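Each in structure tokens, the structures are laid out below.
First subunit A sits with subunit B, and in the next complex the same chain sits with subunit C.
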Partner chain A sequence: MDFSYFTDASIAQLLEEFYYSPLIIQIAIFFIFFSVLCILVTYTSILTKRYKGYRLEKKLERINPIIDDLILKNIIFNDELNKDAEEGEPANLIPLHDFQKIPFKSAFGKQALINRIISFRKSFKGTIAFYLRQLYIDLELDKQSFNKMKSVKWDKKVVALVELTAMDMSIADVNILPLTNSKNSELRAEARHAYIKLSKNEPFKFFDVVTEPLLMWDQIQLFKIITTTEDIAIPNFARWVTYSTNKSIVSFCLKLIVYYNQVDGIPAVIKLLDTKDHGLRANAINCLGKLKVDEVEDKLLEIYGNQTQNCQIEILKAIGRIRSGKSIDFLKYEFLHSSDFDLRKNAARSIISGGIKAQETIQLLLDTATKENLLILKHCMNPLIKF
Partner chain B sequence: MWEFITSFYESTIFVYGLTLLIIYAILAILSFIAIASYVKKNKYFDYDAIVSSPLTPGISVIAPAFNEGLTIISNVKSLLTLNYPVFEVIIVNDGSTDETLQLMIDEFSLIIVEFAYNPKIKTQPVKCIYKSTQAAFSKLIVIDKVNGKSKADASNAGVNLAAYNYFLCTDVDCILDKDTLLKLVEPIMKQNKGRVIATGATLRIANSCDFDGTLITRMRPPKNLIPRFQEIEYIRSFVMGKVGWGYINCVSNVSGGLGLFDLDIAIKAGGYDFLSFGEDMDLITRMCRYSVDNKIKYAICYVPITLCWTEGPSTLKTLMRQRTRWARGLAQIVSSHFSLLFNPRYGKMGMIAFPYIFFFELLAPVIEFLGILYFIFLIFFGLINWKFALLLLVFVYSYAVMISTLAILWDQFTFRYYKTWGEVLRLCLTTFLEFFLFHPFIVIFSIRGYLFFLSRKKHSWGNMERRGFNNTTLSTAK
Partner chain C sequence: MQKILYIEDELLMQNIVDKILSREGYEVDVANDGKMAMQKLIENNFDYSLVITDIMMPYANGFEIISKIRNYTSPKKIPIIVVSTIGNEDAILEAFKLGADDFLKKPIMAGELLIRVKRLAGQ
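Entry: the complex of A and B
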């Protein structure tokens, strides 16, 4: 093997050699240089990223305790402010001087201030929460948040919405409402959150304009916002059950009807039993069962035969929840004669949930059941087994 | 004529290699986009909303156990403390011959319950089902069944019992992040382009990590070289490979160590194949097929963060057994689903994912092995152009190192998993050795697996020899 080639050749010779090499070798040489360069860039990136992360951590470790001390000293343990509050309306007497010092003039310092104020405000209500908001406004940090709202980047908008919502700053409907239908799920969710919390008129107006389906995540987040936001006027959700063409909105409103026990909405839910959509119908049956609407029991039995398995299970569960005792024979029949294991199990569970009214039937079934049916009954009667 | 054959062979192999390298480059770009998007979006994800919501879907956690007496108690406790509002833990004791079951009975106050068990997927007979009499362990169900000689059979028994619409399948000896369920359910909740039938996340080697009980307190790259090579391999395979494929909805496998599945689709697809050595990949393939056949628009998602740690083989012998089994499983899957290859009916699965598996996963070790034989042949007959041969070797080597290094960088984007510089550097430097010290063994073990598949050699499914995490803790604490 002759390695002198690699040591003796001049750059010009190497280039000439490269030029006359087969294509395969040219590609290989190109990729060798590319790979080596890429490895070096990668190492530098790892180094830079870790160093930046380290620097940020250190900076926050230094600045956050300063901010916390200032907030504690000037707001939370400020006797002057608390005295004013005790005497009547909270007065605007926050000493801003310390907050306007050099570390808080940079964008980083201002952002750290916003984050700490929001963090403190989550833990306080009443006067202190009022003064924390006042501090945010007096330091003109709200301007920084509103500027982010104007950004074309979705993530900046999200940050702005989070900050403004946390500080109860009002945002014009015209600015938020279009965002509630955004294609970006994070922005959409945050805009809806902000709209419900901040809209003074109709916090649920966006239900009318939502065109995209509400994802499972959207529903979970909205549910949390609706059920935890204070001073919010809860509408009759049956309105959307009746009029909305968005299936996911209808399905979500059914869950809210159950949560708020809105019996006024029952007629609208009953009407939904005639829908052709199996999923929605199952949701409606589930809702009626959870609301314990006994007047719908006959209708459920009537439609049972021509339902999908999913809806049939929901009907059996609903009867079990209503616990009127009227349909024991039906449940018994299903338990004994259905060929579907899940239907039999749900029928058994509903019979057993009938309590005293079903005592006689339960005993009869226990005495006469086949081995498999007896196992199902014992399964459903065992308090250790949930499902 | 001979010259033509060798020239044709060399050109074909070069095109093959180049295509593979281009695919790696594309995957690197795709995974980077996916990771950047995940990191950006995840900043605003409110996991508390999932924890506190009554709308959160329930999850059944299924963990088969076979002779896991060493770690069973701490691992079950770890599973029971997962941070999620609605879940159950189903431990399937697959006919253990050690004290696995008795230990659980004693520790969790288990009693036999009369359970109406409805086997939707056929398994070996279930002997008993146990529940705890203590409210603290009310989420726990233990199935005691006849040994089915495969993890698949045990997992199927758990699937039959699962009460919720989603199930997480894991190994009982895996250590899960406490937020695993929250993070795996997130793509299911946020997906709007189809029904998410499975989600997975990155697995990592736990060999040198520090533990407090079953909680990871400090992540470290393995000190031993064999597990450290696997750590790099896992990072490359999960963070770059699966996340990249996930970005274009072409994931072909969700690891058996950690995967969240749609129960309904999994059952309708027939559950795990107990005869398969690659039951996890086989299940995903069948779930995809079922979805396409039934016109269900499906998605399989990969989360680019580490949620599961597993003890990697630390000796060549155990590594050989593991990789032989994997290779055999791959050959089985390709052979049983061969009709998928370039079948446009199955969309991306048929046209992208499966051809990739066939050409660049199944055939790669064979082509590599033949290449080495050909190289030896050329040396023997003095037909080697050493200058070009060395250049080509450097080319492949530098590219392989680059891909592995990029994977480590991508991994660093999601989370700074290792505390010190030295640890990252050690991992980066290991990539320079992998090509020579680890990869050749993987090729040999794969060929061995294919030969076993072709010769239909009998293979008994069993456990890897484990040291147990408690021992690891002690060793790292020294």
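Entry: the complex of A and C
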């Protein structure tokens, strides 16, 4: 092969050496060059990202105090606005000219403004929060958020949902409901959060359309959102216990029935005892126990024998929670004769939670217990150990 | 001039409340965390007209700050307002049990904070 067209003699010599070297050496050299190139590209991209982040931070450090001062001057310390609010007519126009100057005309400036308004709204409520929302609308920053909703990128949609939720802007069902069922877990969670917070009439409508299972983490997040959001209309969750085909929704609604002590939902929960799904059955028993439904105690004893272990444990716990004192003998029998350690432990716990009604039985068991049974009883009597 | 110690680790909140109170004529000392708050209290010989504290903070939380202030054998009782995002029953009861005089849950109303400050620290 002719390498003479390279003007630099050393490069030509190197290439010639590479060309005539054994194949294994050629492959090794190729991989070395390729690896070095990859490392260089990676380091360059990391450095570029860090530099961009640093520049952004510096720009924010410059612009944020300006925004803070403007908000303080035009909203918080604006006596005209506060006077109107005191007179019960918070409709005065916010002076916008300062917010429409050059730094806030760029997309970056507008985004910084949105983020700062949201931060202020997280710290303040009342008149200040009202005027901050008004400012967001007057500056047409909502359009920027709604544009992000149209993006194909899921992370932009999440940002848009966070912004619109924080600013209490309503989003059309047609735009948000499909997102509550998204394959992307973060987008799905944020859309559900936004729907509960923004939908004034039916914040739980998305329960009807959810086809994907609610994962345990989704349930924890939703539970927190539902129980901490103020002014939301709480429906009768028994509706989904009866009609939903999504098992995770039914299971989640059972937890909400307990939390909101919805005794109207008890008949629907009792019906669930006949379901073939043992997981749901266990959840239903758990719900009835926590609601202390004593009329269901006989039925629980009746079905106990043909239940799976998780349902049997829930039945024992439910009897302990109901504390009617009717089933002490049954609990005592299970504690003394069951071959399953978990069942014995839960039976003991339920006997002990029986209090005065079970006092005689507890004393008798303590007096006559074997070494192992005594350990279980003492363990269950320890108030620091929770079940 | 009435002197107030404001203990808050969130910079935005710290900055705004500082400006709101300063505008009303109070002298505001700001601490970013529990450790700094204790330093300021000791440096000033616990001589504050009011302490406003958050609960969740680095080094020492708001409850510890309240306990330390109340354990200090000053003849003058310093009024304490707790301003926190934690607004559950346990936190509120714990704060009052330890000796807090008032409790505000974030987000707050600026006007409400001012009224409570004026009531406890004086005009």
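In the analysis below, the second predicted complex is superposed on the first by the 368 of 387 C-alpha atoms of A that agree within 3 Å, B and C clash if a C-alpha of one lies under 4 Å from a C-alpha of the other, contacts with A are read in each partner's own complex, and residues count from 1 in each chain.
Following the convention adopted for this analysis, a contact is a pair of C-beta atoms (placed from the backbone, for glycine too) under 8 Å apart; a residue touches a chain by one contact, two chains touch by 3 or more.
Only a predicted model underlies this, so the values are computations on that prediction, with no experimental measurement involved.
By the touch criterion defined above, A:K378 reaches subunit B but does not reach subunit C.
Of the two partner chains, subunit B is the only one that A:Q221 touches; subunit C does not reach it. After overlaying the two complexes on the shared chain, residue contacts for A:K143 are found with neither subunit B nor subunit C.
After superposition on the shared chain, subunit A has more residues touched by B, the comparison being subunit B against subunit C. Looking at the shared chain after the overlay, A:S119 reaches subunit C, while subunit B stays out of its contact range. Subunit A residues in contact with subunit B (one complex) as well as with subunit C (other complex) do not exist.
The touching residues of subunit A, counted against subunit C in their complex, run 68, 72, 76-77, 119-129. Across the complex, subunit A meets subunit B through its residues 1-2, 5, 21-22, 24-25, 27-29, 31-32, 34-36, 38-39, 42-43, 45-46, 49-50, 53, 155, 158, 162, 185-186, 190, 212-213, 215-217, 219-221, 223-224, 255, 259, 341-342, 345, 372, 375-376, 378-380, 382, 384-387. Taken together, the subunit B residues at the contact with subunit A in this complex read 10-11, 14, 18, 21, 40-41, 43-46, 49-50, 52-57, 88, 111, 113-116, 118, 131-133, 138, 163, 186, 188-192, 386-388, 391-392, 394-395, 398-399, 401-402, 405-406, 408-409, 412-413, 416, 421, 424, 428.
Subunit C contributes residues 10, 12-13, 15-16, 19-20, 23, 106-112 to its touches with subunit A in the complex.
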